[in-house]
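Sharing a structure here in structure tokens format.
Which chain is which? They are A, B, C, D and E, in the order written, and residues in each are numbered from 1.
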Amino acid sequence: MNNSITARFKLDYGEFQLSVNLSLPNSGITVLFGHSGSGKTTLLRCIAGLEQAQQGYLEINGNVWQDSDGGIFLPTYKRPLGYVFQDANLFSHLTVAENLNYGLKRIKTRFDKPKINHILDLLGIQHLLERMPDCLSGGEKQRVAIARALVLNPEILLMDEPLASLDAKRKQEILPFLSRLNNELNIPILYVTHSQQELAQLADSLVVMDAGKVLASGLLSKTLSRLDLPLSQDHDAITVWNTTIVEHETDFHLTRVLFEGGSLSLPAIEGSFGTPLRVQIYARDVSIVLEFPRATSILNVLSATIADIADGKNGQSIVCLKVGGQPLLAHITRKSVAVLNLKIGKMVFVQIKGMSILN
Amino acid sequence: SYADTTLVAVASDFIKPMTEIAAEFEKATSHTAKLSFGSSGKAFAQIQNDAPFELYFAASEQYPLELEKLGFAVENSHFTFAIGKLVLWSQTSNFVDDKGDILKNGTFKHLAIADPSHAPYGIFAVEVMKKLNVFEKIEPLFVQGENIAQTFQFVTTGNAELGFIAFAQVIDTQTGKIGSGSGWLVPENLHSPFNQTAVLLKKGENNPATIALIDFIKSPPALAIIKKYGFGLPTR
Amino acid sequence: MFSPADIEALLLTLKVASLATIFMLLFGTPLAWWLARTRSKWRGIINTFVALPLVLPPTVLGFYLLILLGKNGIVGEFTTWLGIGALPFTFAGLVVASVLYSIPFVVQPLQTAFSNIGEQSLEAAATLRASPIDTFFSVVLPLSKSGFLTATILGFAHTIGEFGVVLMVGGNIPDKTRVVSVQIYNHVEALEYTQAHWLAGGLLGFSFTVLLILYTDLKITPRVK
Amino acid sequence: MFSPADIEALLLTLKVASLATIFMLLFGTPLAWWLARTRSKWRGIINTFVALPLVLPPTVLGFYLLILLGKNGIVGEFTTWLGIGALPFTFAGLVVASVLYSIPFVVQPLQTAFSNIGEQSLEAAATLRASPIDTFFSVVLPLSKSGFLTATILGFAHTIGEFGVVLMVGGNIPDKTRVVSVQIYNHVEALEYTQAHWLAGGLLGFSFTVLLILYTDLKITPRVK
Amino acid sequence: MNNSITARFKLDYGEFQLSVNLSLPNSGITVLFGHSGSGKTTLLRCIAGLEQAQQGYLEINGNVWQDSDGGIFLPTYKRPLGYVFQDANLFSHLTVAENLNYGLKRIKTRFDKPKINHILDLLGIQHLLERMPDCLSGGEKQRVAIARALVLNPEILLMDEPLASLDAKRKQEILPFLSRLNNELNIPILYVTHSQQELAQLADSLVVMDAGKVLASGLLSKTLSRLDLPLSQDHDAITVWNTTIVEHETDFHLTRVLFEGGSLSLPAIEGSFGTPLRVQIYARDVSIVLEFPRATSILNVLSATIADIADGKNGQSIVCLKVGGQPLLAHITRKSVAVLNLKIGKMVFVQIKGMSILN
């Protein structure tokens, strides 16, 4: 993974200024994260060429798409990208099928029919093909919009909160598909979301935006466990570990996975020995004990060292632990920090509830 | 006497003399004549539909007679007030000879005439050409104005090299001759009499101003004006 | 019923009106698009110039066109230089004059329709690889269907009914430039009212059919939900 | 330069055109709204009838209006019964004829503008307690500004330039129904070209100013983003 | 709380039929929950009168708004409601301020100026008042739309996924405000959402929809713990308890609250003795032990009885426990059920991580 996407933009809306200087990987999924109004959509529009920044430089895989100094500005339609708008933005005069075909007709290297059908199935829109957009529900529109961008087989995929209007179940179907799509076709994805869950499940890299500026950007696990970012304070603060499958305990429907520094038991997951697996651990699901517990329903108890402690809101403490080489965030009460006498460098046991580990 | 007002429908080709006559009429009688111009056919249709006109000066005989017959005009009130004079004219000097021979052996692309289906000047122009046996040859070169004013525009703008128009349109009122370009004043014997005819309409029957205007148009000052503008005078 | 001259005039009218409408759409569409999208200062002035010919009585406009297009006029000299010759009294001149006179009726509704198309649709098309021209045909045109219908109908109908300009520039030459409006006018002036009624009735009937087909077949129904 | 008669004609024209435009907007707006929203089968037919008068040459239309509005016509009998008297050759008749002739130019652009307004805006207004009438004025009108501009300009300009109908129905009566287009016609017929040029020039200049103000002041600029 | 909203609708879209017969409370917040395309928006539109159902009956507080048998159909603009559309649906020709004023001008009983300003502050849109909607970000638009409906002081508030495009922080500010609004002004709110979190935080009642039908409806706590609904299977399955504050342990920034059958320790929360407090417990945050544990960072350990056990996905078991009189859901592995030999009626201890309890 090398950072061969360079994006520098300065744009002034009067009351809002975008000013970014980013170097992003040209593979994997990069999540843009930030408050409402922080400039995520604006950045995506600049990359797509929908907004022409006063100063801009954009290079993707060695191709310069924009260079305001050199007078280069590739118009949007010449940029081989896929864009999912924040509002679905379907063509109201075309049926769903025609909306999908619109882009398909205009590209050269197309997916084959089964692949396209697979996309439509996955998004659950096969039965809607003959409908007009005005006769779709909010979520249905959004799914059609995603499909319309996906079938383009683009060199880079820009997605602006694509799943905001979808229910949890549908999200759980689409998210892994996006990951897989990304792996199989090696299309880098720039993905805007507010949801910690989507972030954890998808992101390889993370860009945190605030007021038109980039607060932090980098690999997911490193960026997530930085106690100086507001992320670690969030109710939904998480750590993400990359693991590989080592064993299936079929009796108990469990799978053991290996990470740098130990192993974890997860609910059974399909996959052969060595399959990489991403594991997300909510900071609130991590508890700290001094003695190794017996007779508990918690399956995963690991030894760890305390690396850092910071104060959170409402009497909370945020503890950054090292488990083997891996960082792990834990949210515990300040009372517990006092009772257990937690200090930086202290050796402890962490309990991780098996059920809270995802995909 | 009291000053009354009369409303007069006037064929477009008679605008200029009629305007001057009306002014003189006002001076002489202190009555007023309001003039409404338009093609004879239009006025005809309007009179049939209750137009407030009291007197009608048409460019031909046909409409006044018809109106008498239909009862919109006072019976036997029609009279000829002027004789139309036709001229074959070109903007270019020395283009039209004073015998009209150009019709027989001249070369030109377009000849403008007023539409012979209804405009009197067109009807008489056709008669002239037929008499001269050039109609068949020239007909394909016709461009037709809706009325004589448009026909004149075809020629003055140079888009038609020559055309049959009203003498009144090119007369130099100082000299009484064709003012510019070149032209052939068509002899009256080449077409049937071009009697421009007026008629008293029922609406004007009892208006002293209307009656006064009928008298005035036949008076020497009015006849002088009619003559000045290139019309022939009715023989009585 | 219809004299051969009437039928000739009808056919000629159809030809002029169709051709003129096609040209008006061809020239009017890009003009309207520019007017709807530009933020140039020239916008107001160009818009004004497009609408201006309307305020002149047709015969007067025809008179000026006659001067302009005539062989001594600027345009006339140019067309003569091109080897086309002067336009008055020709079929081509008739079409040109009709186009000039009726074009506001095409440009204005198109402009209204175009300015109602949101930027978003154009952006969506751009992200789907459609060039601006492509977008125009695949998105703008279908979304302005009702504007095009209006433009076509107004332009076509107005060209048929137009009379003053056509008469002046065309010269009312039978089977060359005598369109049906002139023919009906002649009938009225010549007191051939029955003929006039027949021809006017025929024209109305024909136009009624054409318009009705346009309005119902193209199904510009209101949007749902 | 301008004779008193010219000035009279100019003022009369202004009066006729303004009044006619106001009436066209008054009648045309609800009609256009209905046409834009209805799904009735009558839609196509009504639409056709609105556009139909256009295809008749103005003088011919004028001729039929004369018959219709005249005291033996259906409308004439009705107005006479009402005590208004027959309309031809009166100022009122002039306005009525102008309205009938130019109304398609008002209805059609409005219809285009109205049919472009999405149902959503109307729904939002309804949830904010606006009655349909209220919604029309507070949402539909402002959103169809450019359609109204087009309608007003086309309607106004076409009424000014109109001539055949006016001449026929009005009768070219000085200071009563002699509008400026007729006055220019008179000058041209009398071969008073200088007078005609002045009057046409004045009319153009005046209209240019009015149109330019309309186009720039109302700032129908393209939507942003 | 009495059920004085009656809503019966039958509507046919061809491929989709809505058929509901609901009786809803005329106070509190009722959440409409269901997959994309299940008919939530359609139901809301029927209630608002935006869609006229072939058969419909709607009565609110004794006023009949619609009765297709009786030929009654109150048009939308005469229904004293507030509606937040799924897409913001602002008037594009009006500024934000004018959008807000649009409805305000048309009602009789208005909020006072400070109240309106409070709403604008809370939604963070004071600085946007002079903007045109086209110059707003997606989330900003949505917040203006919420404000536009709120300031109407309506008799019933219909909200269609109002917070979908907002970030967690903003949501955390708006959600309690909606609850408070509801309490103070007694405006019943019908609230569509996909988010379990919004559901738990807001809902007093719950309507679960699927394919145009109502799967279940009723009080939140009862409906949530029904093992026959897909909700209990969700990754984010929760139980919600109503509690009251009894004690503040200021040293440790903790608050103790009382519920039917015991007490809980929560991160410090402001409020005097007796203040009611809603507590949400994720099923995955509940673990089961047989012995009372010592030396753990988990503060809340309660004795419980197993009421029901069902099989979940991927080797999970869903256990419904009774703690005192309160139902409590726990997601644990099937292995744990076997190891600990869990049976219906068995007495156990449940550990609830203090940090996972929300306001």
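The criterion applied here is as follows: a contact is a pair of C-beta atoms (placed from the backbone, for glycine too) under 8 Å apart; a residue touches a chain by one contact, two chains touch by 3 or more.
Not measured: the values here are computed from a predicted model.
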Any chain in contact with chain B as well as chain E: D
Neighbouring chains shared between chain C and chain E, ordered by label: A, D
Most remote chain, CA-based centroid, reference being chain C: E
Most distant chain from chain D by Cα centroid: A
Mean-CA-position distance for chain B and chain A (Å): 91
Chain centre separation (chain B, chain C; CA means) in Å: 36
Distance between the centres, which are taken as Cα means, of chain E and chain A, whole angstrom: 26
Residues within chain D bordering two or more other chains: 59, 63, 188, 223-225
Shared-contact residues (touching 2 or more other chains) in chain B: 42, 45, 153
In chain E, residues with contacts to at least two other chains: 87, 135
Which chain pairs touch, all of them: A-C, A-E, B-C, B-D, C-D, D-E
Chain C - residues contacting chain A, complex: 120-121, 123-132, 134-135, 138-139, 142-143, 223-225
In the complex with chain E, residue positions of chain A that touch it: 13, 15, 34-37, 41-42, 86-87, 127, 135, 137-140, 143, 160-161, 164-170, 172, 194-196, 234-236, 249, 251-254, 265, 267-269, 283-285, 287-291, 293-299, 314-316, 331-336, 338, 340, 351, 353-356, 358
Residues of chain E that touch chain D when the two form their complex: 48-50, 75-77, 81-83, 85, 87, 89-94, 102-103, 106-107, 132, 134-135, 148-149, 152
Contacting residues of chain B [partner chain D, same complex]: 7, 12-13, 15-16, 19, 34-38, 42, 45-46, 49-53, 147, 149, 152-153, 169
In the complex, chain C residues that touch chain B: 59, 63, 66-67, 70-72, 86, 88-89, 167-168, 171-173, 178, 182, 185-186, 188-191
